[in-house]
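Each of the next two complexes has chain A plus one more chain, namely chain B in the first and chain C in the second.
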Partner chain A sequence: MRFVFEKRNTVSKKAFVLVPLVAFLVSLFLTGILLVVFKANPFVTYGSMFVGAFGSWVNFTETLVKAIPLMLTGIGVGLAFRLKFWNIGAEGQLVFGGVTATWVALFWTPFLPVWMVLPIALLFGSIAGALWAAIPGVLKVSLKVDETLVSLMLNYVAILIAQGLYYGAWIDPKGMGFPGTMMFPKSAWLPRFSGRAHVGLFVAVLLGFIMWFVLNRTKWGFEVKMVGQNPKAAKVMGVKIGKTVLSAILISGAFSGLAGAFEVTAISHRLQQGLAMGYGYTAIIVAWMAQLNPIASIFVAVLMAGLLVGGDQVQMMMGLPSAMGIVLQGMILFPMLAGSLFTDYKLKIISKESPEASV
Partner chain B sequence: MENVQKESVPILEMLGITIRFPGVLANDNVDLELFPGEVLALLGENGAGKSTLMNVLAGLYRADSGRILIKGKEVEINSPKDAMALGIGMVHQNFKLVETMTVAENVILGLDSEDFILDLKKVGNRIREISDHYNLKVDPGAMIWQMSVGEQQRVEILKLIYRGAEVLILDEPTAVLTPQEAKDLNRIVKQMTSEGKSAIFITHKMDEVMEFSDWVRVLQKGRLVSVVKTKDTSPKDLSRMMVGREVLFRIEKEPSVPGEVVLKVENVVAMNDKGLKALKGISFSIRKGEILGIAGVAGNGQRELTEVITGLHKVVSGKIIIENTDMTNKSPLEIIKSGVSHIPSDRVAMGIVGDMSVANNLAMKEYRKEPLTKYGILHPKRIFTMAKKMITAFMIATPSPLTNVKFLSGGNIQKTILAREIGACSSLLVAAYPARGLDVGATESVRNEMIAERDNGRAVLLVSEDLDELMSVSDRIAVMNGGHIMGIVDADKSDIAGLGMMMAGVPLEELK
Partner chain C sequence: MKKGLLLLMAMLVLLPSMMFAGGDKETAAPGDGKFKVAFIYIGLPGDLGWTYEQDQGRKMIEDQLGDKVETTYVENVPEGPDAARIIRQYAQKGYNMIFATSFGYMDPMVEVAAEFPDVYFEHCSGYKTSDNLATYFGRMYQARYLSGIVAGKAIGQGEAVGYVAAFPIPEVVRGINAFTIGLRKVNPTATVKVVWTNTWYDPVKEREAAVALLDSGVKLITQHQDTTEPQKAAQERGLVSIGYDSDMGSFVGDSVLVSPKWHWGSYFVKTVQDAMDGTWVSHSYWGGLKEGVVELSPFSSRVPQDVQDMVMAEKDNIVAGSWDVFWGTVKDQDGKVVVADGAKMADGDMLGMNFFVEGVAGNLGQ
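Moving on to the complex of A and B:
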């Protein structure tokens, strides 16, 4: 008896929904084994992770705080992935966006009307993210340079630029050598609505729905689909491939840049260590688990944020490493990628003795 | 040498092999039989399904239906490994050798039977033995990248003998060889068959068939059309079987009423993807209400010609004028906007986006314009309504307008493309192999649509390998060879022999 994968005649809608769910369960199981090795009860651990992330309003606001950058970066990289542009540089785009927003907040405030500081900081943060993504984008479109390496490497460049600034040129002179810039003026603070949860949440959710609309209901979205799924045919049909790819990459980077701008203006109110938290990498998991659907990305981002917050909780309450949440996140990707096979293929069992009998 | 006599059991039988690809029926109920010591030639035009059939045998494709018997026993071949275990080995057109490795390393690559710690000396000795036996002149220690194409081919053959192949499949083996090397190959194959091995040749060269083979099987559009003994046939007969001279059905059409010139191609020169000259000064024009057929063996510049006209390929020199406007090297979009439609040669790779719906695929030309889009916002309802109308008008068989187009049959994919392109066409229709691989019904409807477009006052450029199609559908036929136009003749005054001569490179002037 042998197993053979056969291409399905129709894309399975059921698999589209089931695969992420099953992938999540499988990753819970696999991480469970690891927890047993750590001599922890998986059920208790998962329980306290859940309580830690969603158990109370206070805890939930912390989850939302982490979900906001994951939503934005997840939607951003998801857009690039649709065009088979493997942007794994969301982390760098986020950091560069944060740095640029900091620049506006710290140095432009005296020259701007009070109400304009924040919008300009956010706008410039987004533009900076877009420009940071444009580097691998232009190289790919014009010279066919591999975008994976370039976007990954630029993460380190952005992180080091940020470090260079908050350790050096922009260090707070009254900070007694503590690495970080001065606190932003209040006019550059993004309002919070509960705990640390800030209005960026509404912006991110709104942008998710807008992105869905743009992808499914606009001429540009139509072209993105064509180029992403069959660039050759798109070219024959008169679509300008380079322009479409590049515009999507710029938007992809802008989403991450905005996430970085939110982080500095709403959470830390200064540029300091901790801006590069790995959101840009988790974004990849968010995008895949949401199957590149921007609205689904919103919910997946909350789940992933829950794992991060829950992981912190089990560290405090059970003495387990907080990385457990991250392990769980990573574990999702494998069954997810393996499972996506089932949306296009079905399993066929063939008995070797009688080939006729196979159905 | 007792193997030499013909055994009653064929070493290999294929029964009713059918293979469907998205868009084409590649093999349609094909049978094949091979006895030990025999050489079989598989003859057919490009796209007749020869390589596909052999790839099933080699374990690269799976047949949708049909059976394979080795020495009378039914087998299942799911991988090249399975095929090799059954004694079937294939030398592909593009050799599967690792250039940076030696002959010996290539020969044992992927073999399970070698010990974990390689004894390359032992392998080398065995290779030398085989090489001496068949006079292959192959050095086991030589690097592949340093070898000529002929030598590399001998390595491929040696690889198969080393692995115990009983049936050798050679895919157009002489296409890359010098005449001397081809002769040598013939000698090697003869020696192998005298020892009871068998071989299958894929080819479309007549002289090769006559020289090498015992039997010929002719494929045409995926179907087996004849089986003959080589010594009972002639190159002339074979070419008739291969091209399929008899017209399967007649096309009813009125004589054309040409109007003013729509497309004028003036002295166009263009390079192919490898930077070699593919078009060497092409000139012709097409009028309103006229179909110009382009005949020629594939790879003589037809693809480049359709692509320079549609803006997908750059012109080096010369001019392309569409409705009195110079459109040389304009973008595909600008050319589309001038009313030019294009039915591309590779319909699945270039004509559709498989993962999008039939409705969306039907809208891929008109989506830019009102009423389908306004201020950049699409109207899915209007796309759906338009698609429904087109599906009815062109009789596209699809479960729903929202079905992904990749799930349709080849004929229906082509009808989808036709519906879209004809709908958007207002000046010139460029159709490359529009009926290739389609069944009789779909072929007929495609051809009738071409003529209907002509009668609607469009100019049509029809590229085809099928002379019957060109002679019955087009009004004039231009024959291409080596990037030149050999001559342009009126379709009703043309004959297959004359067209064939021009396809082989004889200019029209010399024919008379």
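Moving on to the complex of A and C:
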């Protein structure tokens, strides 16, 4: 008897829902074993994590604070992944978006009507994210340069540019030499609706639904699907592949850029350390768990944010080493990736006598 | 498939029970009637450096105040806006006093302190205070200066020292300058090469930076980081080093000639006691060698007695207040006089120090 993977012709609806769910539970189970090894009760641990993330309104607002950038970056990279364009540069696109929004907030405010400061900052943040993503995009489309490496390396470039600015040219002159720009003027603060949770949430959710509509109900969305699944067929059908890929990458980057603009205008109100927190990388997990579906990304982002926020409890309540929180987050990805195998392939058991055994 | 579904169902039933399991834990207040103190750490207490010393201070609170207090800590908390969440959670859980032990927690601390006027906040190394937010730090530059003398005697005339440094902020710059002044007091043409790591706590990066400096030919390593890795790197090359934060010689070996180190415990015990007594008032504590919050570790056996005696005499001068490190003449990298002969640099200028003294090879603008 042996096992063989056979590619599914169509992705089954059931697998679409079940696989991520089962994968999530499997990861909870595996981590549970680890927790037992560390002499912590897994049920109590998960319980306190759950309470820490969702147990009260205040805690939930903190989860939302993290969910917003994860939604946007998750939807963004998800779009790129649909085209098999491996954009792992969401982190850099987010940072560059934040830097550009900072530029607007710090230097344009005196020249703009008060009501225009925020919209311009957010718009420029998005454009900056798109341009940052365009670098690997153009290189890939025109010269076939590998986008994985380029987008990854550009993360470090963006982070270093941000550091160079808040340690150097943009450093707060009244900050006694400590790194960080001045606080933004109040007109560049994105309103918060509760705790630190800000109105970017509604924008992110709305954009998720719009993206779903565009992908499923428009010609462009159909082209993205075709190029992603079968570029040769798409070409035969007259789809301009380069144009489709590039436009999708620009939008992908714009989502991350907007996330960065939200972070600086709503959370830190200045450019400083702590903008590059790894949202852009967690976004990759979000996109896969959501099976690249923008609406699902919204909910998965909340779940992942809950995991990040709840992870604090592993230390604070359970007294476990901080590394455990990170291990737990990492554990989620493995069953997810294994699980995606089952959405695309089905496992066939072939007995020895069967003629198919030669496969 | 059926089995999978069954498993799934079983797990779904288990999930809610987990939530209840956690609910109980949440409502149980930690320690009853005790004064509860929480510490926010940038690294791990096992770093044998910065966080180790803060944690030694925390333990001293427990030792001296005993049953009246309960302390806890959270480790590896990144600096920046996100720290506000962790600090706020302790305040919500009924902790009476919260210590945040790194510079980057400053703004989050200010934010949370405003929300919880009844909680005492202590922030290490920052410059913002409020009615319930105090700062504490030490004049480490004094001990750095002394260690510079030891370094200057340990290398040949005009040789270079490697300095692995975290961030180009005043705290670190002040330390580099004080070390260099001490170094060049006994070795006037020696130089200090600075490498920035842009992290407080990253054993791998700290080691890499030290190795790069060693490759460039420096004869001694010192550092402003949280772990012992740079010291170990020097020892592996058969070279000596100057420690920092803790008595690194006791962890690494006698290649660490001496370590300017922290001693937080006495200050911690006093400020916690004040808070318990209701006599706590906001403050900006900046103690030095005199107050004992910074000190010099015991010397390695490799430091000659005459050098030890010289350093101790210098220390007595500083403790007595008859001399201090940044009293004139102090010249910057370009030879320009910053503090004139006979003048004393004010605390405010020291806290915002953003220039290198003569003898430092490196730049501040990254």
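Going forward, the second predicted complex is superposed on the first by the 341 of 359 C-alpha atoms of A that agree within 3 Å, B and C clash if a C-alpha of one lies under 4 Å from a C-alpha of the other, contacts with A are read in each partner's own complex, and residues count from 1 in each chain.
By definition in this document, a contact is a pair of C-beta atoms (placed from the backbone, for glycine too) under 8 Å apart; a residue touches a chain by one contact, two chains touch by 3 or more.
These numbers come from a predicted model, not from an experiment.
**Student:** Have a look and say if chain B or chain C is in touch with more residues of chain A.
**Tutor:** After superposing on chain A, more of chain A is contacted by C.
**Student:** If we overlay the two complexes on their shared chain A, which of chain B and chain C does A:Tyr345 touch? Say first, second, both or neither.
**Tutor:** After superposing on A, A:Tyr345 lies clear of both chain B and chain C.
**Student:** Looking at the overlay, does A:Lys232 come into contact with chain B only (first), chain C only (second), both, or neither?
**Tutor:** Only chain B; A:Lys232 stays clear of chain C.
**Student:** Name the contact category of A:Lys240: first (chain B only), second (chain C only), both, or neither.
**Tutor:** first
**Student:** Which of the two partners, first being chain B and second being chain C, lies in contact with A:Arg217: first, second, both, or neither?
**Tutor:** first
**Student:** I'd like to know which partner A:Trp189 touches here: chain B for first, chain C for second, both or neither.
**Tutor:** Neither partner.
**Student:** Following superposition on chain A, which residues of chain A contact chain B and also contact chain C?
**Tutor:** Common interface on chain A, chain B vs chain C: nothing in common.
**Student:** Can you check the complex and tell me which residues of chain A touch chain C?
**Tutor:** Contact set of chain A toward chain C: 18, 21-22, 25, 28-29, 41, 43-44, 46-52, 55, 58, 62, 65, 163-164, 167-168, 176-179, 196, 267-268, 272-275, 277, 309, 312, 315-317, 319, 321-323.
**Student:** Residues of chain B touching chain A in their complex?
**Tutor:** Answer in residue numbers: 74, 76, 78, 310, 312, 331-333, 335-337, 342, 344, 349-356, 360, 364-365, 367-368, 373, 376-378, 380, 403-404, 407.
**Student:** So in the complex, which bits of chain C are touching chain A?
**Tutor:** Going through chain C, the ones touching chain A are 4, 8, 11, 14, 17-23, 25-26, 44, 72, 74-76, 78-86, 89-90, 92, 103-104, 107, 127, 167-170, 173, 198, 351-354, 365-366.
**Student:** Can you tell me which positions in chain A touch chain B when the two form their complex?
**Tutor:** Touching chain B: residues 4, 9-11, 217-222, 225-226, 229-230, 232-240, 352, 355 of chain A.
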